Every structure is written in C-alpha cells, then in structure tokens.
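The following block contains the structure, expressed as structure tokens.
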Amino acid sequence: MLTINRLDQADARLLIEGAAARATEIGVPMCIAITDESGNLLAFERMDGGKVTSITVAQDKSFTASAARKATHEYNAACVPGNLVFGIHTALGGRLCVVGGGLPVMVDGEVVGGIGLSSGTPAQDMDCAQAGIDHFMRSRA
Amino acid sequence: MLTINRLDQADARLLIEGAAARATEIGVPMCIAITDESGNLLAFERMDGGKVTSITVAQDKSFTASAARKATHEYNAACVPGNLVFGIHTALGGRLCVVGGGLPVMVDGEVVGGIGLSSGTPAQDMDCAQAGIDHFMRSRA
Amino acid sequence: MLTINRLDQADARLLIEGAAARATEIGVPMCIAITDESGNLLAFERMDGGKVTSITVAQDKSFTASAARKATHEYNAACVPGNLVFGIHTALGGRLCVVGGGLPVMVDGEVVGGIGLSSGTPAQDMDCAQAGIDHFMRSRA
Amino acid sequence: MLTINRLDQADARLLIEGAAARATEIGVPMCIAITDESGNLLAFERMDGGKVTSITVAQDKSFTASAARKATHEYNAACVPGNLVFGIHTALGGRLCVVGGGLPVMVDGEVVGGIGLSSGTPAQDMDCAQAGIDHFMRSRA
C-alpha cells in the first residue's frame, strides 16, 4: 500500500487567493485551476472578465503540471520539432498542455498538486501561478 | 444588441457557500459547480472527500441547468423510453446531464446561471443545490 | 494536506492473480483492470482470448468503482428510467460504467482502488472481480 | 484467410519484466504498455511512482509502434514542419504518438506487437523499451 500526500480544499483556496491577488494587481482577470497530485480538479475560479477558452486551458495546465510533475513551460521548451519530446502537446486529446502557466505544487520535495492559470500572456499566467504558490507556502510557514 | 444578466464571482461564492454548508450538515462531501447563463464554468469546489467522477458530473449538471434553463431532474422525469425527449441524455457526448442535482439560478424571472452538485444521492444533491440558491437569494435581499 | 492510502503495484498484481485464476477456472478469458483510489490505471491484463471491446470496458468499470466508490452493479440497479440516477451511464462520455463487473477495493473501511473485469457475462465478471479481492485480502492477512 | 502471429500474455509479461528491470536500474519508475499486432492493449503496468499522464502516453506509444509498424522516434524525426509527414502527430485525436519511447516488437521479420514506455526522458523511455525487447528475445532463444 502507498501513502500519498495531497492538497486539501483549504490549501486550494490559499493557492487561488494568492494567484487572484496578483492577477488583480497586474489588471488581468484570470481563470485559476487547482488540481490534486493525480491531476483531478480540486477548485476553480474564473475571475470576472476571465476568458471562456481559459476555463479548459487553466485546468489542462494544472492537470499537466501535477500529473506529469513538470511545469508546462518546461514541456514547452522541449516541445520543438526535431526534439524527441515533440508531439507531446497533442497527447491525451490535447489535454497535455505545454503552454506556460502550469506549475506543480511541491511540499517537502514531493508533488502534492498543481496550479494552472490562463487568460493573460504565458508570462503573466506563470507570474500569477507562482504568486499562488508563494502565498500558499507563506501561509504554511 | 442584447444585454445579458450573469452571475459574478461573488455570487458564485455565495452559491457554493450555501451548498457546502448544507453538505456539511448532512455529512456528504460534495463536488459543487457554478456556471454562468451560457453554461460556462464560473467556480468549482471539490470538498475534501468529494468523488472524482463527480468533478465532471457536477459541472455537467450545472451546465445543463443553466444552458438549457431547466433543472436536470425535470429532464430526468421526461427522459423515459417512449417519450419524445428520450435520448437527450446522450446529447453533447453525454454532457447534457439528466441526473437530479442541477438547478438553474433565476433572478427576476430570468436564468442568470446554474448550480450542480454531485457525490450524494440525487435527492441529497438536489437538496444541497437548493440550499445554495436559498443562501444566495437571502444574501441578495 | 490530506493523507491518502492507495494500492501499490504488488497489490495490483495480487488482485489480477486472483481474478485470472477464477477466470481460468470458469473457462472465460477476461480483461482485468486495476485502478488506484483516484481511478487511474495501475495494471491491466488481457488474458489470451479476452475481448478487444473489453479492454476499455474493464478499465471503465474499475475507474467507476474506485473513483465513484461504488460497485458498477449498484449503479446498474439504480439506473432505470424514472429513477433520478438514470442517465448516469452516459456521464464522462460513457466512461462512467454501470455494467456489472466493477468493484471498489476497500481496506480498513476506505476505498484504496478498484478492480474491473470484462469479457464474460456480468455475473461472471462480478464473480471473478470478487475472487481478485478475496485473494488480495487473504494475501494481506 | 490470413494467419496472424501475435504476442500472447506470457510474451507480454516478459516484455514488461525486461523493461521494468531496466527502469529500476536507472531509477525512473515507468508506465509500460504492451499491445498486440493490431494495436490493442495486452498488458499494462504503472510502476510505483510512474506518472498519471504517462498511463495514456505509454499506451499511445505502443499502439502507434505496433499498429503503424514504426518506432515512434522514427515518426518524430520525420514529423517536422515542411516534411509531408508533418501533422501525423494530431491524427487519431492525438493518439498517434510521435514522442520517442514506442517500439514495434518483431519476430522473424514480422511485427507481432509493440511496447511503449513513458515517465522518463524520451531517451530513457527508448532505452527501457529496448531492454524489454532484449529480455523477450533472450527468453525465446
């Protein structure tokens, strides 16, 4: 039997809180998705003004980051024609997302979930995702 | 040009709050989804212990209730073999959900969104969905 | 943070072993799928002679039993026209399976995974799934 | 009438055994999928620690290698913009996988099945897939 550590709902709210605060700060309303360590959705918020397409993209970024235990921008860097990773962006019906903005959430060196943001540029999405993680880590300390 | 009335994120939080309070009361952790009047996801929460299959089912119930402007249990009643509505449960790849637990959210006689609950029995899901709407309406008064 | 108990690969092999032994006994080669507590595939075996359609059906049964924490034949009993659960069989693109043959695997009152069998009659599938669980429980004792 | 040669379940176990042994050696827990000559799943194992996204990717690699009778890294090399093969990675809803790690299994110059690995780098996945084939061929000799 395995024993697994996983974000709970309170953790998910902290992650969203931190990401939304940063999104408000930069003036870009976002879709924010939090998944558990298996990639399943824990919480989602579309800030007023967040894009409809981003509902799915934010979830797919968070799914990828948590279930593959890798930031989506890292997949992006490797997913170039001629690289053996190329093509991974169409896996799982395109649900494996290589657009920047999905980060694994790590506690004690272990992936316990993920966060995915969408509606801004990938750089803005990544910035807000990191702000969510920073807020979560500070609140745990 | 049309002018549309739509739940905002604060409304969505109220709906979730009311539904989650009732779910806690009856001891059944739920997946709770809120959609706007077009059926697009606004907010989602999987309470600690909510089922993985309910992540999608809750969203599909809310989608159906808001986008078709009809409670899912009303579709259920009509979706019996021999009735001309029968078969609607496989529409949209099965996303049109006829399982009880999805309710349209109405303000001034107009559908402004939907709420969908899943993880309990349909009766429990419907009860908690209604509790979400009640809490939302009271908070608006 | 939540702490989750989950089948490991050795557990999955025991479950398959027990189910396959019973399938051999009754002379019906089966597809056998084992999922973790989140519904994700851990192990799969198509016995020589198992059906191609059963590859997916066995996985969907195991997914349903573990992720919804309910035996698929229990869903089957409730999924009749006029019952508020009717329609659940088309959820998740039909991946939520209500055909008998999927059982949750429980340890200390908690769902830690699932087992799904397909290729025989539902009664045969259920019998072999239970045999898998029995063998697993005996081996743990 | 055609006569087809196809891996049996004992062959599939040998392929997994060899691949898993190599994965353990390099310290990367893998998802390992074996398909028959028609691309249909015969056996699957997610080693403890294998990634959730790799469940599908490993199967798609094995499916591609066996059903298209070509290693996925060979598709990868050809699947570059401007080459007439480009675009094949989105075929079959993305199920045709061009990420390295899928190899056809050949006996007497004929494809009898496939093996697909995922969770490491493509080079690691390819290495372990080859180790599975080597072990299978040695066991047959």
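Per-chain numbering from 1; labels A, B, C and D assigned in written order.
In the analysis below, a residue touches a chain if its C-beta (ideal position, glycine included) is under 8 Å from a C-beta of that chain, and two chains touch if they have at least 3 such contacts.
Bear in mind that the values here come from a model prediction, so they are computed numbers and not experimental data.
Looking at subunit A and subunit B, the chains in contact with each of them are C. Relative orientation of subunit A and subunit D, expressed as the C-alpha superposition rotation angle, is 90° to the nearest 5.
Each chain gets one centre point, the mean of its Cα atoms, and the points for subunit B and subunit C are 29 Å apart.
In terms of their C-alpha centroids, the spacing between subunit B and subunit D amounts to 42 Å.
Taking each chain's centre as the average of its CA atoms, subunit C and subunit D sit 25 Å apart.
Subunit A has residues 2, 8, 38, 40 in contact with two or more other chains.
Taken as a contact graph, the chains fit none of the simple arrangements: neither line, ring, star nor complete graph. Of all residues in subunit C, those touching subunit D in their complex are 8-9, 12, 40-48, 52, 55. On subunit C, the positions that touch subunit A within their shared complex are 1-8, 11, 36, 38, 40, 107, 112. For subunit C in complex with subunit B, the touching residues are 2, 38-39, 64, 67-69, 81-82, 84-88, 90-94, 96. Remark: subunit D residues 48, 51-54, 56-57, 60, 73, 75-77, 79-81, 86, 89-90, 93-94, 97-100, 121-123, 126 touch subunit A in the complex.
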